[in-house]
Each structure stands twice: as C-alpha cells, then as structure tokens.
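Order of writing sets the labels: A, B, C and D. Residues in every chain begin at 1.
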C-alpha cells in the first residue's frame, strides 16, 4: 500500500495537466490544485497498513448484503473522492465481467489481472464515460468530426491507438489510470467506438484541463467547505494515445459496448444516492441550526418547511435502504443493489435538491450571502459591531456568522452552484434516471393489478 | 370460526343503523348496504377452517420481520376492510399493552382476554378514534358542548356509561365491536375523556348513520369497482352507552390516553402505505393500458408522465420496504415497523395522490368521463357506433370503453372523490403525518453531520 | 328572440338522443336530462326582449377592449353553457373568416349569413371539434377505419354527405345546430377530412348519446350543485348526414382546416380561463368558510394553505386580465385576447386545479365525504345527534353539514371528478396548451436578452 | 445634474467603508469595489443633461398609468441599481406622505424638501430597512441588546442621535444618503424605534462593511456577468449618529412606523417582479440557446422543459401587466400598482426561480460547470482541443464554451447563488409575500361566490 507521501510522489510523473490556461508542473505545488492532493494523500494515510499484502478495505467489490451496506456507509463516512471512483470502477469491472466474457474470454482475464494490479499497487482510477458527443441528435458514426466519441484509430500488433475526449471526469488529473469506457451500445459500422481500456494519466497524448469551484482569492477562510475539499473535474484529451492489449477490455464488439456504462451507472447512482441522502441530512441539520440561531425554530411555517425537508431526506434514505435490502447476489457472491429503488431514489434526490436548497435559503435569510467575512471579525474597528449585530439574545454573533458562511459555501456560492448542476447530471441526468427506472419497473404486474382492480380481463 | 352465512346472521342483532334518513332492519337486505355485507361474508368463507380452535391467520399480531412483511402483503391481496380493521385493532392492543400496563395492570389482562375472545369468536372490530371535536381551537374540557369528545358520564359498580360520537368510522355498522379510543393525551381535569373500551355494535344507545360513495342508481354496471366493493363509513353516536368493566381498557388516566392513538396511528399508516403502494401500481398500470388503447404509449410526453408515476409508486414502496426492513422487535417477539419510514411514505403517498390522478387523466383523455355506458353497448341502435368509434386500429371498442369506466369509477367519480379525501385524511391528515415524521427523525445526528460538514464546533 | 317555453318546444323536433341505453322522446320529460333543459330555458327567459329585431346581448362577437372584458365577466355571471358555446362558435366564425376567405370568398358569405340567421332566430350552437381519432399515432388517411375523423363521403349538386363522430360535445343534444369543424390541418390526399359545416341536431343520420355526472338516485338534495346545473356531454354520431351548401364553410382545402380549431381554441381557452378564475375564487371561499366552521381558520398551516390557494387564484386572474389588456383589434374593430397570456393562464389553471382541490380537502377534513345527508337531518331519531355533533361552538350543525355537501359535490363526487378531467382536457389538454403557449412566446426576444445579459454576440 | 466623474469625486468624502477586513480609502481605486463605481458612473453619464434645472427622468414618482408602465420598463432596460433604489426611495416618500402627514405635517414638508434636494443635486439613496433583529421571537423592546433595532438614543435641540444597524443594504457604500426606515409598527413603549430619516453616508458614526459575490481572482473574464455588474451589499453600522431635524421624517409615532416599510415594500416588489420577469425571459433564452448549441432543441423532453419555463415567465409578466393595468391613482395623479397582483407575481417568481434554474441546468448539462476557461482558449497547447471538442457539428466550440460560462456565472456560481437567496428574500421573504397577498385578496367576495355556487345562505 501507498502512504500519502508516496502518493504525492507518484503523481509527479510527467503528466500534462492544465488549469486556467497554464500547464502545471507539480500538482503538489499549485495554489488551487494542492487542496485536492492533500485530501487524497490524507485518505491514503488513513487506510495505510504496512502489513505485506494489505489492501485498502474500501476498494474490492463487496460480497454479501451486509458487506455492501457496510461499504456504502463507510465510503460516505471516510473516503475521499478518488477512493470512491476507484471502488466504483472495480465494482463495474466485476459486474460487467460475466457479460463481456460472452464475447471474448481474454477480456475477463485482463480485467481481473488489472483489478489485482490496482489493489496490489494501491493506485487510483477515475471513470471516463462521457464523450464530447458533438451534436446530440446524431450517432457517433454520423458526426462531422469523427473524434467526438472516443474511438480506435489504429490497431497494432501490441495494442491500439485511441483518439477523442472524455468530459466532466471527476479527479482525472489526480489518479493513476483513466478507466475509458463507451457511453452506449454501438451499431454496425461503429465498431471503432466500442472501446474500453485503462490508460495511465501520464501516457503520451493525454492532456487534462482542470476546472473547479474551489475558491480563487486569498481569503480561503471565507469558504469553510470548498476551501477544504473540492475535487476538480477534468476535460480529458486523448490525442493518439497508445494502449497495450493487456489494458484493453473491449475493442470492436458494439453490442457489448453499453455493458460498462450500465454497470457503472448502477454503482454511480448508488453512490450518488448515498451521497444525496447524507447531503439531505446535512441540509436539514443546517436548516434547524440556523432557525435556532435566528430564534425562529418555533415558528409554524419554519417548522413546516423543515418537516418537508425531513420527509424528503427520509424518502431518499428509505429507497436507498430498500435498494440495499433487495440486493441481488451473483453465483460468485458479489452483490448488486436493486436497480429500481436505486434509480428512483437517485432521481428523486436530484430532482428535489433545488427545493431543499430553497427551503434552507428561505429559513436562513439574506445573511447567508451578506454576513461579513472572517477578516471582518479580525479588524478591531468593526469586529465588535459584527459580533454585536450578528448575535441573537446577546450571544454567539461569531458562531452565527460562521454558520451563514457554511450555508453560503455549500449552497449559495461557487461550490453550491457546482452541486446544483452535478447532482442533476451525475449518473446521466434526470432523463436517463427516469428512463432506467421505467426499464426496471414491473409494468406487466402493474397492468395485471389494474385489470383485476377494475374487473376486466386482459384485452 | 364463522362462515359467511354465520356472519350474515350475526349482524341481524337489533343494531340501530341508518342510511339516507331511514333505519335499516337488516343490512343483508338493503339495496346499497348489502354489497359491503357480501364482501365481508366472502372473506369469512375464504378463511374459514372448520378445524376446532382454528383462527383467522390474518388477525393476530405478527411475530418476526418475515411474518410482518408476509402479513402486510397478504392483507393487501386478500383481506376485506373489516379483517384489516380487526387486525389493526388487535395489533394496537398488543403495542399499547406494555405502556398501558404501567398505570393499571388489570387493563392489560382485560385487553389480552378480549383479544382471545375476538380470535376465538372470529368477530370483527372497527377503529373508533376521531371525535366530533367541536371547535378545533379548544381542548375537550373547554368545549361548549361537553360531549363533542367521547367521555365517561357515569361510573357504576359494574361498568361505565359513555357519551359522545365517533366520526368517519370505516365499516362501523358492519362489525361486532367498536374499539373506542381517545384521540390524544388528556390534561388534568379531563380524566373523563381518557376512556378506551370495546362496545358491541348492538349495545343500547349506539346508533350508526352510514354514508357511502357506492352507486345509487339502477345501472350498477357503470361502476365496475365501486359497484363491487366499497365499505360505508359510520357516524357513530354513543348516547348513554353502558360498558362493563371487562371491556374497559382505560378510564381516567389522561397521561396514557394517547397511547392507543399512537399505536393505532402506526398500524393505520403502515396499512395506508401498503394500500397506497398498491394503488399507485394500479394507477401506473391504468395509465399504461389506456395509453396503449389510445395509441399514445410511444409518445414522448406520455412516456415521461408514466415514468413520473412509476418513480412515485417506487418511492412509496421503497419506503414501505425500508419501514419493514428496519422493524423493531419487542422482548415478546412482536414486531413494529419503523415509524420514520412509515410516516414519510404515508405522507408522500397522500400528498401526491392527486398528481398521480392528474397524470392518469391527462393521459387518458376526456372519454374517461364521456364514454358511453354498458347499457349503450346493449342498445342495437347505437351499440355498433359506440364500438366503432371507441375503437383504435379497428378493434376493441368495447374493451376500451370499459377501461375508461374503470378509470372514471376509481378516480373521477364518487368513489374517486372519496379516495381523494380519505387518502389525505386517513392516519390523521397531512399535518399530523408531517409532525410524526419530524418527531421520529434523528435531528441531533443531522445537526452533528451539518456542523462537521462546515467545520464548525457545536455552539 | 325565443322565450324559455319556445326553446322547450323547439327541441321536440324528432332528434335522436339517448341516455344509458334508452332513446329519449322528449328531453323536457326525462328525469335526469330535464335539469339541463330547465337551465337553458331560464337563460332564454332572462335575456328575452320582445322588441322586434332584439338580439341576445351575449352572442355576437364583441368590438373593442371594454366590450370584450364586459362580455367575459357577464358570461361568467349569467350565461348558461349553451349561450357560451353559441357565443364562442360565432366568435370563431368571425375570427376565422378573414383567413378562410383567402381560399373561397363564398365561405365567408355563408358564414356571415349563418351568423345573422343564428342571431335572428336565437338558436343555439354546440362546438363539435374532437373526432373519434382511432389510433393517435396515425393521421386521418392512415386509419384502418376511415370514418374515425369526420369526412365527406359524397358530394352532390346541392350539398355534401358527411360521416364520422364527434366526441365530448358539451350540450350537443340540447342545441339547434352542431358546428362541425376539423381538428387540424389536413395533408394532400386528406381533402375529404377538411370539412366545416353547421348541422341541425335533428338532421337524419345524427344520433347523440348523452353522458353526465348529474345525480342518478332519488336523493337529489344530496347534490346542491350538480343537482341544479350540469350540462351533459354528447357522443355525436354522424351517419351519412346530408348538409346543404349554404351551411358548408369549408370543403376540401386541407391547408385551411386548422383555422377553425385555432380560432375556437383561443375562445375556448379564454372562456376556460375565466371559468377557472371564478372556480379558483370559489375554492378559496370554500376553504375559508370550512376553516371557520371547523374552528381552524387561525391555525398557521391552514392559513398558509389558503394563502397558496389565493396566490394561485390571483395568478390565473392576473393572466386573464393581461390577456384582455393586451387584446388585438382587427380592422373591423373585433378584438381577440392575447394568445400568450390566455394559454399560459389556461395551462396553469388546469395543471394546478388538483392542488387547489387537495388543499381544500386537507383543510376541510374527512366529513367532506362522511357528513350525513339532508334526509338524515329530517329523521327525528337521528337529526338531533347530527346537528349536535356537526356543530362547532354549539351552533350551526346543519349549516356546516350543508357546507360539507357543497364541497363534496363540487370536488369529491361525480361532478368533482368530471371537473378534474374536463379542466385538464378542455381547450385541448395540457400538452396542447403548452405547445400553443410556446408558439406565441417571443423566443427571439428572449434569446437576444439572454445574449445581452451574458455579453455574447449572436452566434 | 452630475456627470460620472462628478459622481466618482463625490464619494471620496471620508466615508468609512470596509471589505474583507480592510478599510477602503477610495472606492474608485479598489480592485473589487471599483466595478460597482464604474457602473454607477456610466449610468450618470447616460442620463446627464447639462441643461440648467434638468433632472434624471427615471427618478421622480410617475404620474398616470402610462408613465408608470414606461418607468418600469425603462428602469429594467437602462438603470443601474442605485438609480432604482433612489427612485424607489422617492416613490416611497410620495406614497407614505399622505398617511404620515396625519400625525405631524412638518414631516411631509421635510420629505418634499428632501425630495427636491435629491432631484436637484442628483444624489443617490439606498433603502435601509432590515434591522439586525436579534431573536426573531422577541419584539424590539424585549431584546437583550436594545440596539438590535435602530433607535433614537438621544433627542437634542437640533436633531436626534440614532444607534443600531441595518443589514443587507444593497449599494449602501456607493450612494450619498441612507434612507433609514423602521421595519414595522411599534407598540407603546417602543417609540424610540419609530424613526425614519436620511443619513449621509459619510456622517460620523456610519460604518459600512461590504460583501459581494463579485469575482475575486485575477481571471475576471471567467465571469462574463458578475465581472461586469454586481452591486455589493452593505452591513450598515449606525454608532451614535447625529441626524438634523430637517432629515427626520418620523420620530416616535409608533402607529405610523410601518407606513414607510409598507410603501417601500410595494415598490420593491414591483421592481423585483419586473426584474424577475426579465430574468425569467433570460433563463428561457439561455435554455433555448444552449439546447440549440447542444443539438437537443428538437428533443421532446427538452421542448417540454422549455415550455414549462415559458409558462412560468409568462405568468410573472402577465401578473406584472395586470398590476400595472389595475393601478390606483391618487388625487394628485400619482399612481401605484395593484397590491394583489404585484405580490402574487413576486411570490410566484421567487418561489419558482429554483425550478427555472433546475430546468436550465438539466438542459445545459455538466459543461455548465466544467467548460474550460477563456485562458484555456488562449493556450496554444490546448486551445485547438477545447474548440474541437466543445463544438457541435464542426463549428462554434468557443461560442458554446462562452455560453456555458454565462450560464454558470448567472446560475451556478457565486453570483447565481446570491440570486437564489436574494430573489427569495427581497421584498421580505416568501412568508411576507404570502401574507401581503392574502391581506389584499377580496376574501368576502370569494366567500359569497362560494356560497352562491353551493346554494347556501350565509351563516
């Protein structure tokens, strides 16, 4: 296993990474990027075990219902983002293997060998699904620019050469391998787009442009959440990148291309649901805390709004629990959460996050965005006034000020805006989540129930 | 155990029951009321077992998680309304017993003896909670008319005399005993209102006025659902009714008065949630069936609406499943569903039923209320035209007409209107369901999570 | 002009009308249908003016903004349904005339002559738009049964013969002429479906099947609204019906077929919006009345819900007022309401009616569906108890009971169910209303505003 | 009138203003604050007219309906924030004068004299309403810290001395006078809190702490909206500030204290509604633009979402138009918009802004927060890739990137977060807007309509 320091050194490997127009030599040294490095390094240290052969306990695919539930809750509690993306990538390989094996067994062998390598070397993977896509109304082979979906441009004796870009890749610049996967099944004539493989971040031809809602200015203390942990997203360019066959998990079988995306989708939505369940509890907690700090916790309409937030939080967690309780087990003992409950919960959480935020803002009041800063609390000309006038019942002016900062940072500033978008879009967007929910719903059963209820025979 | 016929005879016992201004001698003979009798009688026959000592398998309080889940689903599938109210009443006594026993142990003895009697005699109970209430802004002892909450007006050596009314009592006129319970805790000076007891339906002083959304006219075939099974509600008058002590389960202990209502509330909401989960599936099924019959099942906005209905149905069932999976077990092995998930699910189902109905009406179209009747299908002058013009793609005009009838009866006619109101109000109304959800939510945990997230210590 | 009695006689003209499988000789004599006749006759008497040449002041198309607003409010206040359908039909002819005149001027001459005839003879028209439609995914000419859209089956020297059916035709059996219009533009090869004409209700080949949410049983007093005024819908069969050319307003010009539907759509949605604005005020009023009667009008969550209802009612009326204030005037001085505001208001009212009803049911409580009947108030055994226990603060038990009856009849019984469906579907359904709103929205302006806001030039 | 330069000089007047812990000598020179100065200066230049006696045409209270509508639209088009706050402050004085004059006529004289001074000197006012408030559950005189509502602490022969703080004061540091007004009526014993007056920004004892969502880092081009115009909010401290009587408009008349807040509330909500109507159009425009850029403008669910946005935008504008069309005129010819429509529109806009944003994010996709920056478009190593992969159909990669930047800045970054909060809170928060709507609704009329509909006489 790697220590945090070993991780820090491992990413100074010649990778081409950028931020706001500049190439970054060493992510460890960059004023904005280093925050993400720190967080990943801390997670390495947290799970480090010097015993020979030790492995990170959060990474392998779980076996048995209890292990799955335990994993879901442990990841929420203590994992950094890259541990999660690595775990989801490995679980995806595990789920996809039986199906992919139908076409060419060597794919499965390579996938298992790669899994072992990842666990042994304690490296991190990021999930590269979304293509540039060009016009959404045309399929890959009908695009004017053929590269807008990642594709194989050459096949050599020892490997393939791929070209294209993958967008919105959380943490791409900070891991060791990019898990490149197609977004959907490919038709005849689109075989070159049916490619799944693992690509080292420092491979020649890989370039990653970072974007992030992390704070830019000097006053990082104004951002109690995003000043501590935000993972940049990567715009991943794959320009004529060579991939040796041992890291190629699919090449040309269009009918199997969606297998990876479907598997990853389930794990991503499960993770997203668990995240949103916690996030919903956090928003409820903040609403209650600020109502108490404002002296409004006993007012009827405030209580009603918090009750609505509670019900929302409970619905997400309830469906998450149902998804776990109805997990399916494979012959090998691996478990997968129920698709129907997972997707419905993910949809509901994503679709109503904005309403949760509205309630919090409604309860909190304008000081969410107008509370003076930490620096104002340190200027002796004005600090006494800030403390005095931010107080309720003669106490806690500073604490209440900091509570407002937390609410702003989480929900009404750059990081909050990032969540508004990513909660909706992660796991494929509202439309995709609806579609998948529908696909897994027992419609025939519902139709039979309906006919029985109205006393009619099937047509 | 009783057969259906024995049940029929058992309710011709001198009870004072009314409908639309007239006293009814024999419910078996009444044109509108007999439908409910038939349904109950059929359920008796369905579970009848001549073996000596046999008991109805759906009535006793379940032991163990699997038994609870099994019961919930069996009740949905095969029970009539009175089996459910009897089961919920008995489960309430079981849940309330430990707490009520704190005040006077003989209450518990009487409750258990009564339970045994009910199971042995195979009689039916109805749940009498809601009082007339007078002005909602005054407590029982502040009311101008002291009887608007049921109360003890006299205590004698062998029993008590009660007075008051219980409203919206499903099936009251059709059972054997009224399970009379207070709606809430009572304060000092309100001891007479803290009364729980079992009252035979034919006891002197009991009068029950029935109301029902069942069809009134001759053309009952126009109502494929409500023409077969609707349970009338009873307006139960208790005018100077004597109750022997063996049937008195609480008398005067105001601090314990709410115990019954809280216990019954949980079982009612669990039952209500299970009912709404099925109902939601039925509405999804009807939406899909009518979309197919209209030739619109492939149209994008129709699919979107059905997907929304599916997600709603799945959220209810998911929370129901979570409530069961997180059941609590008593030392005696009885199990209770989780309060938080049960209440959140009940609230969500009740609050969104109207939207489910809107989607169904939106998808179905105007013929839901304008489709010709069964009798029109039998008049040879017009039947060919009805079949012709109600057809899509040259077939099924009659079937589609009947599908519209079912949708109307369930959601856009008397019975549908009754559901709009009772789904909201059962288990205490939206406000009460919110309140109870809030009460059971782990708010301290949420506040701690929130503070941790924004890096703030507790105030 | 006609008196009420003259109207009554005028509809005993050999028309073929049906209800629940039976042919009706004289609508005046039919137990359920006579209620609609009475209401129309009363409206005739209300506006009757014996002056020679007098005309009903609510019928002709209005000139000038003030006349339009005045008309909208007068129709709401005092018109019966058939006056409204006649007015909308005539306004449709007026709006459609300029466009239809582009193809054949004689159409316009016939339309004006017919208008004059209608005003002079004081007859009533009903709006026949919706076809049987068969499968919604096929166009008229692709249907298996060619008659599922009304079409011309023969052209003779003196007129045309049409065939088909029109569905959901409010009041069809009670007017004098059916205004038959196509639902949409027709393509090449669908010329026979491009037919608009006026057909006497008693023309050979016309058969009308009535459906209605009016009460069926004897106890009509239980239905304080629908027992007084409900207009049946007609399923109109046109079997080989001859129409002389003077009553043919379009025959074969597919590109003009939608003109009538678009014009009527605007007038129908304006009327629907005005109706829903009043209806929303009625629901607010009922919510306030029942809250006061229950003693809950001062409770915070009840006030919040009523405030939400008020805002909803105000939004509809505000947009209605905007639609009137932004009316467009033709060179001839006729005025048309603004399409954008009319459609947005209609959509919003239709989409949220179910939420208004939910709030009312939430506030009112279970007695909406369980309040005893008027007959119960007349039975001396039980009436004293009903009055006593339906009272709040010692008074008004009967009044409160009747208030519940009104709420039930309007929103939780047959008539309420009919409104749930027809509010959604009138004027073309939610989807159509959205579509038309979008069509009339100044999208280019919005795009320019957007680009200006973000400082970007047009692409 | 003042030129922009004269304005710039006028605010270098010794005022005590702060930002992030530092005192600012000259706002013109401050890296973040200067943006607001620039915008105000530009607006001065735009309306500058050297004619002697000329006045800014947007400032005085409008006379007549057309003038009011004209003003509303002109302010939206061309005013900076301080012109709006000055106009609203003056309109408030005009509206409040008749009522305030009832108590002491000299108040009105002072108010008119001050108005003339403002117009002549072309100075700017900001609206200081919201107090620090302490605990929301206690009234001013019950607070532990007596200063949490602004109050008179001393009365001298030539003026008064006030103490307290005003929060969330838009542009406070950039105007010339603070219009200090109470938030509500005051009770007996709270006379010292009933104080309205005008205070120069540079008066001794005034200190203003600025907060702002304006961009902090160097890369201001990443913020195409907030990098150009954002008005900081002021936390205004009034520490023993002397106000001469000529600028005191109320002092001690508790029953009149709310007059100013009610008047200002109406003008603020009218302004807020007009702003939100434009903002809604901007969001619709952005949704359509990004859908077109993504190649999804023809997809059914995208069209549906844009149609919903259109309906929302139309409802706000419709009610705004109704508020204008139903303006009330005073005997002096001043006009006030209708309270009912204004408040309902403001509420609806505020309550649904989050849903508008959700639809935009749903349609736009993840690139809203992950699109590379302008600087990335200038780095030749990566710019070609960014342009290539941000393109759809082979063109416009840079334009689409900039479109995403605009959407992010407006709705998913600091400035967007600020809007989420301030749209809700401006004009008093959702609860206050509901309350005021309810207050102005004709409830008696609604109750009469309801009773008439159900055929019941008033109780």
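The criterion applied here is as follows: contacts are C-beta pairs under 8 Å (C-beta built on N, C-alpha and C of every residue); 3 or more make two chains touch, one makes a residue touch a chain.
Note that the structure is a prediction, hence the values are computed from the model and not measured.
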At minimum, the number of touching-chain hops separating chain B from chain D is 1
Of all chains, the one whose CA centroid lies most distant from that of chain B is D
Chain B onto chain C, same sequence, C-alpha superposition: rotation to the nearest 5 degrees is 180
When centres are defined as mean Cα positions, the distance from chain A to chain D in whole Å is 37
In whole angstrom, the CA-centroid distance of chain C from chain D equals 43
Contacts with two or more other chains occur in chain B at residues 301, 304
The chain C residues in contact with chain B across the complex are 16, 18, 20-23, 130, 132-138, 143-145, 147-148, 165, 167-168, 207, 209, 211, 213, 215-219, 222, 233, 235, 237, 239, 294-296, 298-299, 301, 351, 354-355, 357-358, 361-362, 364-379, 381-382, 385-386, 388-394, 408, 411-414, 416-418, 420-422, 424-425, 429-431
Seen from chain A, its contact residues with chain C in the complex are 300-301, 304
Contacts from chain C onto chain D in the complex sit at residues 224-225, 228, 278, 281-286, 288-289, 293, 303-304, 306-308, 310-311, 313-315, 317-319, 321-323, 325-326, 340-341, 344-345, 347-348, 396, 399, 402-403, 405-407, 409-410, 434-435, 437-438, 441, 443, 445-451, 453-456, 459
